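Next up, some structures in structure tokens.
In what comes next, subunit A is part of two complexes: it sits with subunit B in the first one and with subunit C in the second one.
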Partner chain A sequence: MLRNQVGVLSTRNQPQFLGMGSRLWRKMGWFYLFLAPWIMGFLFFVLVPMVIGFLMSFTNFNGGNFNSIRFVGLDNYAEAFGEFFSNGDAWLALQRTLSFTITSVLVNTIIALSIASLLSGNMRGRTIFRTLFYLPAMLPLVASIWVFRSLLDNNVGALNAILDLIFPGTHVPWLTQQAALSLIIFTAWGGLGGAMIIYIAGIQGIPTELRDAATVDGASSFQVFLNITVPLLSPLIMYQTVLGVIGGVQVLVTPILLTPGAGGGGGMSISTIPVRANYMFMVHIYQESFNRLRFGYGSALLWILFALILILTLFLVRTSRQWVYYEVDPDRKPGE
Partner chain B sequence: MNTDKFRRTLGSNLAFIITAIVAIIWVFPVVWLIISSLKLETELTRWPVVWFPETPQWGNYTQVLTDPRVGIINATINSLALSLMFAIPNVLVSALGGYAFARIKVPGRNLFLSLLLATMLIPYSVTIIPQFVVYAQIGLINNRLLWLLWGLGGSAYMIILFRQFYSSFPKELDEAAEIDGANPFAIFVRIYLPNSAAPLAVTFLFSFSGVWGDWFGQSLFLTSRNETLAMALATAFTNPMGRPVLTQTFAGIVLYALPLVVLYLLMQRQIVQGILTTGLKG
Partner chain C sequence: MKVSILRLFVAFALLAFVLSVCPTPQVQAQSAPVTLVVAAWEVEFTDDEIAAYTAANPNITIERIDPDQTRLAALFAAGTPPDIIRNSGSDVPLFVNRGWIMDLTSRFESSSVISLDDMVPANGYYNYNGAWYGMLKDWSPDYAYIINRRMAEAAGITLPPPNSIITYQQAGEWAALMTVRDGSRLTTAGSEGFGGDGDVQNVAREAGGDLYSEDFTHAIIKDNPAIVEYLTWAANLMRDGYTFSPINPSPDWGVPDLQSGAAASIVMGYWSNAQFAESADEGVEDPSNFVMYPALSWFGNSVFDSSAGGAGWTISTGTQHPDEAWNLFEYYMTGAPAVTRAQAGWGVPSLRSLFGYMNAPTEWQQQWLDTVNWELENADTSTRRINPYYSTETFNNIWYTQLEQYLNGDITIDEAINNLDAGVNQAIADGIAQQ
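Then we have the complex of A and B:
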């Protein structure tokens, strides 16, 4: 108690502006000290690698020693854009990647919204259902991959066995001829849990009067879903779509592991080339960099991908004014 | 009135049935994994499919655990070491950063907050390949210290999560402690850290499972000398004749996934809260 009073007195006795100044400096010292680990991490694991990658994209670096590096100007970018105009690997891979991203974001959003809207009421066993839908998200990637390789196996897979009960003689080669579809199924399976949790919380934040009023007016549950739930959730859907697109265009590991091409063998290797239909843009970058040791060209492709991600994000944010409903209600307090 | 009630009951029953069917589809792969891990290899590779093993082959599990060629104990230790080396500093550093953003008001704070949010949009792929190139030059490949260094950098998502959490703490706590002569670090350690069990647990689980379940980073930056569970299980186990034994691989997969599933189930409530604060999905 005595110490407190002394402390208070001593600050009072200091000249006002000097005391404030040194206090601010001290606070800044603490702030930047506490943030120092993250700032260092950002510098060394994000900023410096990005700059190095950017510089690398103007060279012929082959992964060996730095002595043989030569500055090649815009050659790598010229080659990449040349591919885009001549139906080269990079261009085909980019098309596949975009088609995968759009389909998979659409499919994931529709499934997650539907399940969330079914589970946001007071259905029996809804907590158990939520856990079951989240279960796939708990599994490590390698685990899910093995499960789906076995389920979708052409000869002895469970999916073909189930289809065989309905359509005898079914042997759909899921992982090879239907590889693109398999990848979308796999992604939807693992992605439902997280998206569902976010959408359930969003739906529970919608005032019940709105839905009740519509029901009283004779709207069916589906109409309520389409005309009230979805528009009111559109900011959330927008945010999830942006994240989904950023993740989708970078898809790399799942195509390699789930649908390895010929020579992939039974195991999973980082240098495996997936079947043609799942040869995505990031896979191409990986192949160019690590297998063909063209790190310079790979870096140029990476920066094209980065630019594409920025453009897609900006596009989504800009067009969001047309389809996202931002609630303006001065009477509602935040958190209500 | 009666028909209205009937329609509602019918509707909610229909909703229940639809949800149940989708749930069965969603859980089926996991059930298939567990059942397959108890089959004989000949049962797994037969057509028409054998749905249930004649006798559950618990031996698959003992085989995986004891076969020296699999080396599952070593791989478990490696996975555990990487996960802890990453998760513990990551959680502490992120909590400290979140505390700074929530409680220390200084010029430049908003600038750094914007920078933090912007980094969340930077794709990992743009940084990972240059990192590999640099580490290859300075001998950090196949070095487990990398995970410690990555962990020490904290995570933007988790800093945001702690910032949200600490913003709701009463300011009077700090003021009282400050008058007692405690510096901000002491306040963080004595008051904030002990009162953040829930976000600490969630961020720990997310960071831990992020490394435990990661296969790409480990196969890119490590060689078989430091083989982890993800790396070991990515290749099918083989019998002495060199033929793949999928049933035993599946047994290994069940053991590999089990700790994460148990942790997630124990911490469901906090996880939901964590997901909602950050938009991060585990």
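Then we have the complex of A and C:
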């Protein structure tokens, strides 16, 4: 009896296929059978659309007329990079997107960490507070935006009405000239709950002896938080940062729906063009693809965005060696 | 013999693949069940109307879906478009150039219930390059000037008799008088609805020109003095705070704003009389206060009040049942649904033979209908020219982006208009490159 490479007993007399016996094939068959739904989903809903999108980026496809498709080579990419170097709409949108992403990730991280730290201690009512802070994460996005828009409306919003009571004559154009700030506030409000829960779990995993020892040595609460809690939470912070960057760069629905209809049209339409401060890269791609019906150019922009996200993620992973504390050596090879 | 699980899995996968690529046999008996997918809003093609049609045609099943354009694009890309598509007349050139809708000229010419001679001129939106691609379900002169008489009188304005020609400049002066502020909050905008591409085209036509060149390959904006003057006037009305703007937008839109008192006057279509009438008891402004005048005039001597595009039906090139789709089309355009629409007051019928069904239950609605009849006789209500190479929404998006920068003081009005000209012409060029 011989053992093949995976250690399964086989006999020379059993039928062999690709060097494996029928018993091994039966075991592998079950494995692939249970894996099949995921494989099919990945193939048809991820890989195939990616390939089609990539091929589309080299054409002038307008989304409906297959008869007029032409191969245009790298024209779409040339146009996109041309916009980057000539201060075009794509470049301005990308700048705003990066600015929004960096700001929102910083704000979300600081607020979520702070609240998680407060709610990890023994304070009365912490369960209620945790629930309240997590509630926004459970609300439907469009409904939340609708409510925010009503609250922040320039003329009839409740926020301006309250501010007017406290500071008479106050009229802040939250949805237009302060649109970027409103977007960051909304994003922080909605994303706080999920991050808070993760950080609370991380804080509760920190050995109390470390904090007790630091306290005994005379460290203040803030010093304990900064020198003990944050370093030990750094892997989670890294994880949240990567997710936040990936999500921030792809923001689409919120800036569009947070904008009142252009020219006072009202309503909530995905075709509404946001104010310039919230004209994000994905919004630009949506406008080019679905309003101007330039699916080929839109696909090229999407692939450029994909490359950008890849670069940003790799940058974060590489730089994490400088600031993320791992209890095990990430460079240690198995068996060492 | 025991069949291995893996062989079974491979066999099923192959079978699924083969079944998915094999075409479905198209041979059907005359009375074989047919499902027609109609992309139309529920309020325009009701469940009752669907039930009545299917009761009279038992072999027909109608599945209604919303006519969302993004969804339509996805359905066409997937090869499963609906049979009938409700669209705006202004979308017809775009739809034709994308190969989405069918040439129905021969069907119209041979129809026993729809006569081309009976169609109102506004149906011209559905005639592209000499071929008919559909027709309006109803339409409305869409640039009428509607003013709140109560607010006007409170501002000391003496309104002229109905059917008087009012200029844009006069409307702007009235807007300044009717604007109400509470500190820096705009509680009532004097007016709302200026500056869109439809107004621009009406002004250009009044001046004897057009927004687009003869062949639609470029837009003439910065080189048309009337358009430059109009856009400057509209932008300054926003700058001075007498109307909503991209930096101080309305939380809603024209009709609710007039009803709630957030706006004292609006530019809107005749069709809005039905919405005002239906919501008259909901604690809003009494619609009998709303006076409808003909469309505003830039030079004061002529009125252009086209339909912005109307709404109608077309038959998709992807339909598997063109005859059944046409039968439903004829029913919708001439049968009970058409009569219901004419009586409801949401628009003017697209066939003259249906005009007799229009009614105006109240005095103020009768005044509105009188204004429509005045316009039908005295104004130019023909279709505006729709550029086939880009969407009119693109014009408005580019303009509002420039307006925002102008109103924030980032650019001058001349720069805004120049940028609009450049942006629109680039969009047209991009559309031409897609052909």
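The criterion applied here is as follows: the second predicted complex is superposed on the first by the 298 of 336 C-alpha atoms of A that agree within 3 Å, B and C clash if a C-alpha of one lies under 4 Å from a C-alpha of the other, contacts with A are read in each partner's own complex, and residues count from 1 in each chain.
Everything below uses one rule, namely that a residue touches a chain if its C-beta (ideal position, glycine included) is under 8 Å from a C-beta of that chain, and two chains touch if they have at least 3 such contacts.
None of these values were measured; they are calculated from a predicted model.
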Fit-or-clash call for subunit B and subunit C when the two complexes are aligned on subunit A: clash
Which of subunit B and subunit C A:D164 touches, first, second, both or neither: both
Which superposed partner A:L119 touches (first subunit B, second subunit C, both, neither): first
Touched partner set for A:W30, first subunit B, second subunit C, both or neither: both
Touching partner for A:T176 - first (subunit B), second (subunit C), both, neither: second
Subunit B versus subunit C as contact partner of A:L106, first or second or both or neither: neither
Partner chain in contact with A:Q250 - subunit B first, subunit C second, else both or neither: first
First (subunit B), second (subunit C), both or neither touched by A:I311: neither
Touching partner for A:N155 - first (subunit B), second (subunit C), both, neither: both
Contacts of A:I197 with subunit B and subunit C, given as first, second, both or neither: first
Contact breadth on subunit A, by residue count: subunit C or subunit B: B
Offending stretch of subunit B which, after superposing on A, collides with subunit C (from 95-103, 239-247 or 257-265): 239-247
Those residues of subunit A which subunit B touches in one complex and subunit C touches in the other: 28, 30, 33, 63, 66, 150, 155-157, 164, 266-267, 270
Residues of subunit A defined as touching subunit B within the complex: 3-4, 7-8, 24, 27-28, 30-31, 33-35, 37-42, 44-46, 48-50, 52-53, 56, 61, 63, 66, 115, 118-119, 121, 123-125, 129, 131-144, 146-148, 150-151, 155-158, 161, 164, 189, 191-195, 197-198, 201, 221, 239-240, 243, 246, 250, 252-253, 257, 266-270, 282, 285, 289, 295, 298-299, 302-303, 305-306, 309-310, 313
Complex contact set, residues of subunit A against subunit C: 22, 25-26, 28-30, 32-33, 36, 60, 62-68, 149-150, 153-157, 160, 164, 168-169, 171, 173, 175-177, 260-267, 270-271, 273, 275-276, 279, 287, 290-294
Contact footprint of subunit A on subunit B as seen in their complex: 11-12, 15-16, 18-20, 22-23, 26-30, 32-33, 36, 44-49, 89, 93-94, 96-97, 99-101, 104-109, 112, 115-116, 119, 121-131, 133-134, 136-137, 149-150, 152-154, 156, 159, 179-181, 183-185, 188, 209, 212-216, 219-220, 230, 233-236, 244, 246, 249-250, 253, 256-257, 260-261, 264-265, 268, 272, 275-276, 279, 281-282
Interface residues, subunit C side, partner subunit A - complex: 4-7, 9, 13, 69-70, 73, 76-77, 94, 97-100, 183-187, 189, 192-193, 195-196, 243-254, 256-257, 262, 390-391, 393-394, 396-397, 400-401, 403-405, 408, 427, 430-431, 433-435
